[in-house]
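Next up: some structures, all given as structure tokens.
One chain, chain A, links the two complexes that follow: it is found with chain B in the first and with chain C in the second.
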Partner chain A sequence: MKRLVPMWIAIVAGFVMLLSAFFPITESLGETMGDVFNVVAAIAFILGAGSLAKVNLAKISQRDQGWGYAAITLICFAITLAVGLGKFGVPPSAQFPALGWSGEKDAEGSIFGWIYEYALVPITSTMFALLAFYVASAAFRAFRAKNLEAILLLSTAFIVLLGRTFAGVVLTGWLPDWASGLRLENLSVYIMQVFNTAGNRAIIIGIALGVTATSLRILLGVDRSWMGSGD
Partner chain B sequence: MSKFITILEGLDRRWIFLAMAISVAGPILIIGITGKTLPETPTPAARAVYSEIEKLPVGTPVLIAFDFDPASGGELTPMATSLVHQCAARGLRMVFIALWPLGPQLIDETIRRVILADYPNLKEGIDYVNVGFQSGNEAVMKVMLTDFAKAFPITKNGTAVGDVVALKGIQRASDFPLLVEVCAGYPGAKEWIQYVISSSGGKIKMVTGCTGVQTPQLYPYYPVQLNGMLGAIKGAAEYESLVNSSLAPKDSSAAIPAKYLEAQRRMGPQLGAHLLMVGLIILGNIAFFAQRKSKVRATS
Partner chain C sequence: MRHPYVIHDTLCLDPSDPDWRFAGIVEKGYRALVARNAIANRWRMISSALILCVIALDSSGAIDSAPANTPSIITGNKVNLSSKIPFNELGQEVTVPPAAISVQARDVPWDAGGVIEVSWKPAPDTGTATKWVIERSEALQTGLTPWAFVAEVPIDETVVLAPKLSASASYFFSVTAVGPEGSSAVATTKNAVTPEWNFFIGAKLPLFCAILVVSACVIYYILAARRGRPMKVRRIAALEAITDAVGRATEMGRSILFVPGIQDMDNIQTVAGITVLGHVSKTAAEYDAAIEVPTSRSLVMEAAREAVQASYLAAGRADAYNADGIRYITDEQFGFVAYVSGRMVREKPAACFYMGCFFAESLILAETGNSIGAIQIAGTAESSQLPFFVAACDYTLIGEEFMAASAYLSGEPDQMGSLKGQDVAKAIAATLIIVGVVLATGAALAPQGTMASALEWLKGVLGS
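Entry: the complex of A and B
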């Protein structure tokens, strides 16, 4: 029963969506299924919060390595949730100036807005910016011209790296118009539009075929691995 | 020479981090002090974004999706700023939506930075509206295809979409002649193409601004499903230079505000970082070949 009900929900929903794409008469059914999905997706946020709490509380109670980070995660989560739901510091909206809670949760001056502006934005930007340092270190240690494939990869990387900056213009800008295709900035665009597109299209077509096969297996109830192995 | 190779082989990665910090900080400081940016030659993909927006008649509704978060803001905020700048200058009706939870805040920031600051004549709810976030990814897109109000029943500030003047005449996604998508991953341009553009039968055109990681994955869709594309900060800088040159005030002595030069300013640090990467790869290979040579000598 535990596996049968989800399997039939998936089969019915899948077929409805599939048919609604081909037969206009079933379009409204597909729309309803889309609405159901939106509701389920919203509920998934609650499930996600529960999962976050479960995993981190387990880490803290077992004093696993890095349990302090788990505690920080939960504290930050709880604070953000509380100030967001409670709309702390939110100024009233222009429409309902008498009602304290009528403003948006992230309005200017609200604590939620403050957390977003002064905690979330700098933290996530910093995380992303750190990539540059690790990529540079990895490039120094891992990019080796060991064989022909590696040499081709390196040459392409050089063209794209230089072609995407003003260095490309400085290095090859002197080339005459009839040889402009060899300018690094143009070569870089050529690589992206021709070689990259050809490779990516092959991958996309391969993935599409794989998705179709897997979807059919799920729709026909042959593949049940998506339900997990636990009983 | 052998001493140099030994140093290279045992180079602590903290030296590389330091070199990267200098090569990025140097251009930032120089551009900050001089105010000068590197010249840009727009590629056809960036030109296409500009012309797709430019050829829309005044008052045309445009769907602008902010599907990214602050982590990618360094790359995507400058292009989002320029896209809104051009749409506002062109007098298009801007309908902002987000399929990423943090998108609405980024929309508000852009509205504050561009529309409220430089186009105070544009009225919220009439000339532009922030419809906000909706969870559900592709399912939201599918619902939008048949009923926009069902996918987004209320705007970010709680007004029913049926009461919003900016959304007058909008029943479904295909009522927007153009979709402007700024994205950093999933759901993003690829999903919009698969679920909305392909299903609209050519009724909607789409231009996108995306991160460097996404650019190679989106090239296969350009120029058929994607009418224009801004790839990473380079694409943003090209597009920014196009928008700035077209919107430059008649009095050429007036300086362009720094917020409209962000992408071009960031090409300086990108140049420094890319040159360092090329240098490091060359140095790494020198060390590699020297090591291999010495191994061959030792065995023979």
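Entry: the complex of A and C
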């Protein structure tokens, strides 16, 4: 029963969502399913917050390595939750100017908005900026000319890279018009439009078929491993 | 000296209670202007009786806002649009574009309702017009609602779709040619049209047929597998390596890290990731290796816990299951990345699995895993992230391989049959592509030939 009920919920919800994409009469049912998912996800957030608190409190109480960070996490979580729910510093909305809580929680001037703007955004931007260095290190490793395939990959990458810079235009700008197709900027466009698009579409077609087959396995109850090991 | 006219107008459906609105000011001597520019924006003649024009002469120049009580009012003018003379706001005659000749509106067939196609025939010479402005008004029993903007299209277009309409309402549409000096007369539809919804969305028929074909292939081979037909599926190295990766972690006495993407359970990739997690955790339970699953969604955490717990039960190691190893971190993309990367650097897991939907974080995670020397296996259907995983991981499940992982790992005939069906569907798609390429090439060589006709037919069938 523990697995049968979730399986049938998934089957019914899945078929409703599928039909709602084609039959307008079931469209509202599909929207309802979407709403139900949002409600369940919102309720599940309580479980998530509980897990976060439990793990970090355990770390603090046991004085595990890095327990101080756990304390900071919990303090920040509590502060953000409090100022968000309490709408501290939220200016009244234009519609209800007499009511202090009528504005949006992240309106300009609110503490929640301030935390988002001046703490969260810079921190997440910093993490995102690290990506540039990781791209460089991954490219360095990927483009080592170890074998024929790697040499082809390296050559192609080199053409595309140069073709998208001024250097590429300058380097092959001397080529006459009848050989303009060999100019780096044109070669770059050709590689991206033909080879890259063809390969990408092949992957996307495979993904689409895979998604259909996977969905079908779940909807037909053939694959139940998302609820466990399938045994 | 010319004194101004103050104009009020109304869509006078009920002459005893007209809703007068200030329309503009014009100079004396330009009565036609009243009929042209000052109230043009509200002139949408559905019938000739709708508009009652009011002209209030105020010799002192003061604007009288209550025209109904002033003696100088001229009322009762039913204005015929076709008699208008184009003037600008200063009363000078200008050249305005000719109006559309006829405006038609029709319900879009085989749709979900809410959309009406508006088309019109332009005058032979559109003059200085640069664009068409299309507006709509809902027909009520008591009259018409105010005209609302629908779309603005270049002058060379003559069809527009009016979306987001109510399937229970009827609408009139108007088309106005707009040029630098002014607007044309407004041409409207003669009848109100209702955007009715249909049983089936016709535009999605090719997609629906494709799903039916793929589903038929998959179901046929599932049934064939049940009847005992052997199903051979090619070896997928990344999935074969799962056991090795778990074994390595066990030997090194380190944990296994499994990241099921950063999306919620409504994403099929997350579901596919959780199915792989079930198999990985079962192997981990059998090998007695610790598994950690940080999640960025609470619902994924719950689903992952269920999957891992069931795997530990199936492996006969229910006592070894640790729910706290599967934890919620944060919904914030880079907050989640910061935690997982930090955790990887500190704990140095021996095996890292990335199975699900990833975006910019894919490379950060995979490169961090690479830097700590972990064996890494990734799988995603995000084609833009695949190169990063290929570059930084030991094994990568590319798109459909990732979707096939659960079936492959289970080894069950039913599921293997579904993979076979998927392959047959792929063969059909490949055949269609080859046919399309041949036809397109033939059509390029002979644009009037049979191949060109066949290509158009194929495009029509496939809905492209």
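Here are some notes:
In this section, the second predicted complex is superposed on the first by the 163 of 231 C-alpha atoms of A that agree within 3 Å, B and C clash if a C-alpha of one lies under 4 Å from a C-alpha of the other, contacts with A are read in each partner's own complex, and residues count from 1 in each chain.
One rule holds for everything that comes next: contacts are C-beta pairs under 8 Å (C-beta built on N, C-alpha and C of every residue); 3 or more make two chains touch, one makes a residue touch a chain.
The structure presented is a predicted model; accordingly, all values stated were derived computationally and were not measured.
Contact with chain C, but none with chain B, is seen for A:Met227 once the two complexes are overlaid on the shared chain. Of the two partner chains placed around the shared chain by superposition, chain B is the only one that A:Tyr116 touches, whereas chain C remains out of contact.
Shared-chain residue A:Gly210: touches chain C; no touch with chain B. Touch criterion met: A:Val55 reaches chain C, while chain B stays clear of it.
Once the two complexes are laid over each other on the shared chain, residue contacts for A:Phe22 go to chain C alone; chain B is not touched.
Once chain A of one complex is fitted onto chain A of the other, the partner contacts of A:Ile218 are limited to chain C, with no touch recorded for chain B. The residues of chain A shared by its contacts with chain B and with chain C are 27, 37, 41, 44-45, 120, 124, 127-128, 135, 137, 139, 141, 200, 204. By the touch criterion given at the top, residues 21-25, 27, 37, 40-41, 44-49, 51-52, 54-55, 58, 65-66, 120, 123-124, 127-128, 130-131, 134-135, 137-139, 141-142, 200, 203-207, 209-218, 220, 222-223, 225-231 of chain A touch chain C in their complex.
Note for the complex: chain B touches chain A at residues 11, 13, 16-17, 19-21, 24, 38-39, 41, 43, 69-74, 102, 104-105, 108, 134-137, 139-140, 142-143, 146-147, 150-151, 156-158, 215-217, 219-220, 222, 231-232, 234, 267, 270-271, 273-278, 280-281, 283-285, 288-289. Every residue of chain C that touches chain A in the complex is listed here, in rising order: 111-113, 197-201, 204, 207-208, 211, 214-215, 218-219, 222, 264-266, 268, 271-272, 274-275, 278-279, 281-282, 295, 297-299, 301-303, 306-307, 309-311, 313-315, 324, 327-329, 332-335, 337-338, 346, 360, 363-364, 366-367, 370, 381, 383, 386, 388, 390-392, 398-404, 406-407, 410, 412, 414-415, 418-419, 421-422, 425-426, 429.
Residues 27, 30-31, 34-35, 37-38, 41-42, 44-45, 93, 95, 104, 106, 113, 116, 120-121, 124-125, 127-129, 132-133, 135-137, 139-141, 143-146, 154, 157-158, 161-162, 164-167, 169, 185, 189, 192-193, 196-197, 200-201, 204 of chain A are the ones that touch chain B when the two sit in their complex.
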